[in-house]
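The same chain A turns up in both complexes below, where it pairs with chain B and then with chain C.
Showing the complex of A and B:
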């Protein structure tokens, strides 16, 4: 049911395989948190409250990726109970760092970590939420950006679809007046193929972008890779640079696999 | 099944609230005695120790930071120190001081979160801090200000609060200029005042009477209250180099949990975190923190895990005062980072995450590829101690209602500020009665 009159919209925050950093971003909105709770009812957010109310919910924020059969079932239930479902973070939009298993043998992973690997229930892949259920909006980042989160919450509460820049980090970097770390400094950088949104943090710290926000809308990784090679990256290094926190995002996955065959 | 046996009672907490990550508790009572208490970590495994194999040694800090969004600085710090040990390099003192300043930010932020948003609602009788804010607005606002000051410090040095981007093996990508650091000074000064008020406030809370003779383990350093450096110190008087961690503490895998459990080689549970640090390093706290401890009446070793909220607040005072000192004495390093060339070998390091000692151990080859990784987070170590605490809580109260036992156990677990994402390789509470 849509909220009526004085009734506040009901918010739920869900965790799947993740580090908790993206839901923590909500608690890190120290200036806005109490004002926000005047406007929404936090109905389910176990990390913050021992009061866990049943659905349905007007808005669900979903953190994490799908890595177990239980999670694959639970996300269906979350979707059924949620009027809007917005994913937060790279785990939810691209499988997260735990998607490195998608390129390896899960049984050998289990044996590496656990003495009794047979007792561990885990799928062979880590997959994004949108591979399981329809998602209303994906907020990118590892972790997400606080201002973007507040903007998306506001839009959702007004029933508006959020629009965030999908262009590459280069635009953000240029507007911030940062000298290009790759052209001027010879530092490999994923900025040309990574979605903007972090505030060009790494280039502002004399570091190449490492792709936290995943591929930009028109990411031309095939054009970037030869530049990275000229800066000294060999094929294994190219595989690794595309294969971190957004390893299972299609553009990054395809590019890493192309260099694995080199 | 025992569930149908009228003498068996099973009590279950399916999803622990106000802890970081996915855990549960399972309690089985048969004929009025506790038959089993299991802290279950059902947070799905993410296989960090496997996915690190084959990665470059310089990638370990950023990758392991993703184990935990609440204490990423701890992962960054343990990883850089372990890799520097493997490569046989030591950055200059100015880099080390900047690392301590960054860690101060994480202690303020993480303790600020746990004290006010996760732990305090138990003492004041609310479901959460937001509910508590209606009756205690100034307490909660003070907590939010503290947390924010810690976050601002992490952001200033690390680039962002969660998963900072400025830390690298050998130092930092960019060292802040002196005047950039001075900008935050007034804010940390205000935070010190808030921290002192918080410590005095939490010291007056009613604490359940509960004490156990814990074996505490923490870093110990001759000059500092420990963050990045020190040797392993045990409360039975033993001290040893961090390199000997695995000679003394061993991991086992309980089939009901995704967290490996750690005990001493002799089978004893150990307790890591604020109580342990305080027990072994009290006289190296900053002056304002010592004064706060004196006012709280904590003159000696504290064995009550509920009082951990007071020691966390005292550690926030310490972290604020230390941060001010580091800011005042800051001279940027000659180079933000030293060059680090890999060599075949092993390196390990332990640093003090807000919730306890975090140990990393890597083996790398001569090209810098990671051959093996072992990460032992404090929550995995504390898991056995938490289960023993639960037993001692429940055993005398087996006739209490399921609801009472559930609340009792959840509170006892929160004393440890458990970080389940970290420990998975870690937590799930059910109670079964027979």
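Showing the complex of A and C:
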């Protein structure tokens, strides 16, 4: 039987540069939360509780990307205190939407947004957690999928390596009987180059995929882009579609940059 | 020819009603969300009357016809495969008892009567292939077999072919040659609108006896033959299968595989749409409390890296290797493995490939490079 009572492994949830949506996915596990807290002690989760216990922790969930010098130091501390470190969400795995700064001049952003830009301390880039410390597993998505989160937590608590699909979203659409929006509707869709896992949310509602789960294992963006152009996307639109929540994922980054030069 | 009968539209309605009265759930074509696909129907009014489809590589549209044809369309997006070889299903439940002992309970669905209305010859050819692999093999799938047992088939011989159809090349149509209980040919000629019916089983013959029917006229039979001939003559694609297996085997190292992989998204749509692809993976999921677990099976694809992942990495590590595996399995090694082609020429892999890669063109191109130009 799984450990209970005082033997419970200790869970910590950390926030870096992010919107908190992925942490909220954990709180959103309403029906499963009690069963989960039977298995783990939530030792550090400021979003949920002001009771914050010191480390070390058996399992850390890390949300967000690294955008400041303080964050770059803090993630080292989190890693030191954590037996297992699992990142949650597109910010943590690919820099998030804040990685748009990677393609521009951060100083001009500061001057545009803030009255006193000199008071803002920010790195020039937004980078994934795995670029700073070793990561045991990256849970993709913007936001992450609740069932995938529970599965990954459960596997980690049972000491099993999680296996989640890394193939394209198309497999998920086809299994769910969702008609291909691109073939049947002529709607541009990133599904063929995006990792499955969201439950085909957008195609189910007759919309193209926005790539929230990042590139699939064999993302052939170079083959997809000319087809998206035939469906009506111009180069600026192509730059935008690859440059959203996973802008700094290498395959999407290279593809967006290729069309920026067009 | 004595077995051929004629039913009019009223008789067709009676046929569906009679099947329902005998406890069958009707599964037939419906116009829904911009496609004509199979789903539960209640009667003829649910059919896509007066609609057709237009199919080309990577493109599918539905359009109105200028008549009231009931079956005036071609291959549906999903095949009947989805009815028997489910895309996802639980195969085993594991329960932990009071003493901590584990009980392993296989999950096998009850036999349910379902009548397939409008199955085409390519579907039936695919069904025969799936039966061979999943039902009549040394290690049958009990879930497939249970669902298969309840199926009654009202086939429809094709009266037209689609832009990606090539069943004639694969010897799989456009006329269904067996594997049905009843087979209809829709006759639409000015005011004439009825069906010529062929019986394919005792159950089919018994059902036909219970609904109004008549002897077809010589003109009916001629029109029925013409309709099938029209389908045969309007195939959108062609594949020369003469010597194809040997030719493809000889081309394992051809640069053409790299070239197609440049265009291929490796998204697996072709395998999911294919009515004969059966590859699956299994997953075990333990509940949070650790008391119960279940094993699920879901469709997988030879285009997915994980599918052949063994210690050390995937067996087929690149898209060229995966595309070659898929095409040569369908058109060549399937013969060695199962005694038939793995392709029935339905054209779904061509239509539903987001970038329109055409198996007939790729196979021809690769064998052509062998110095054997297609006829």
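Keep in mind that, in the parts below, the second predicted complex is superposed on the first by the 256 of 262 C-alpha atoms of A that agree within 3 Å, B and C clash if a C-alpha of one lies under 4 Å from a C-alpha of the other, contacts with A are read in each partner's own complex, and residues count from 1 in each chain.
By definition in this document, a residue touches a chain if its C-beta (ideal position, glycine included) is under 8 Å from a C-beta of that chain, and two chains touch if they have at least 3 such contacts.
All figures in this text were calculated on a predicted structure; none of them were measured in a lab.
On the superposed chain A, the two partners chain B and chain C both fit, without a clash. Looking at the shared chain after the overlay, A:235 reaches neither chain B nor chain C.
Judged by the touch definition given at the top, the superposed model places A:154 against chain C, while chain B stays out of reach. When the two complexes are overlaid on their common chain A, residue A:20 makes contact with chain B while staying clear of chain C. In the superposed model, A:184 makes contact with chain C only, not with chain B. Look at A:48: by the touch rule set out above, it reaches chain B but stays clear of chain C. Rounded in steps of 10, the angle chain B-chain A-chain C defined by Cα centres in the superposition reads 110°. Set side by side, chain B and chain C differ in how many residues of chain A they touch, and the one touching more is B. Contacts of A:206 after superposition on the shared chain: both chain B and chain C are touched. With chain A fitted onto itself, chain B and chain C come no nearer than 11 Å, counting C-alpha atoms only.
Chain A residues in contact with chain B (one complex) as well as with chain C (other complex) are 206. Across the complex, chain A meets chain B through its residues 15-25, 27-28, 30-31, 33-34, 37, 42, 46-52, 67-68, 71, 96-98, 100-101, 104, 108-110, 112-116, 119-120, 122, 126, 142-143, 198, 201-202, 204-207, 210, 212, 237, 240, 244-245. The touching residues of chain C, when paired with chain A in their complex, are 33-35, 37, 58-61, 77-78, 82, 87-88, 100, 262-269, 272-273, 283, 285-290, 298-301, 303-306, 319, 351-355. For chain B in complex with chain A, the touching residues are 15-22, 43-51, 53, 55-56, 59, 62-63, 66-70, 72, 113, 117, 121, 127-131, 133, 140-141, 144-145, 147-148, 151, 159-163, 165-166, 168, 172-174, 252-253, 255, 258, 260, 336, 410, 421, 425.
If you check the complex, the residues on chain A that touch chain C are 1-2, 32, 35-36, 38-39, 150-151, 154, 158, 163, 165-168, 170-171, 174-177, 179-180, 182-186, 189, 191-193, 206, 216-218, 220, 222-224, 227.
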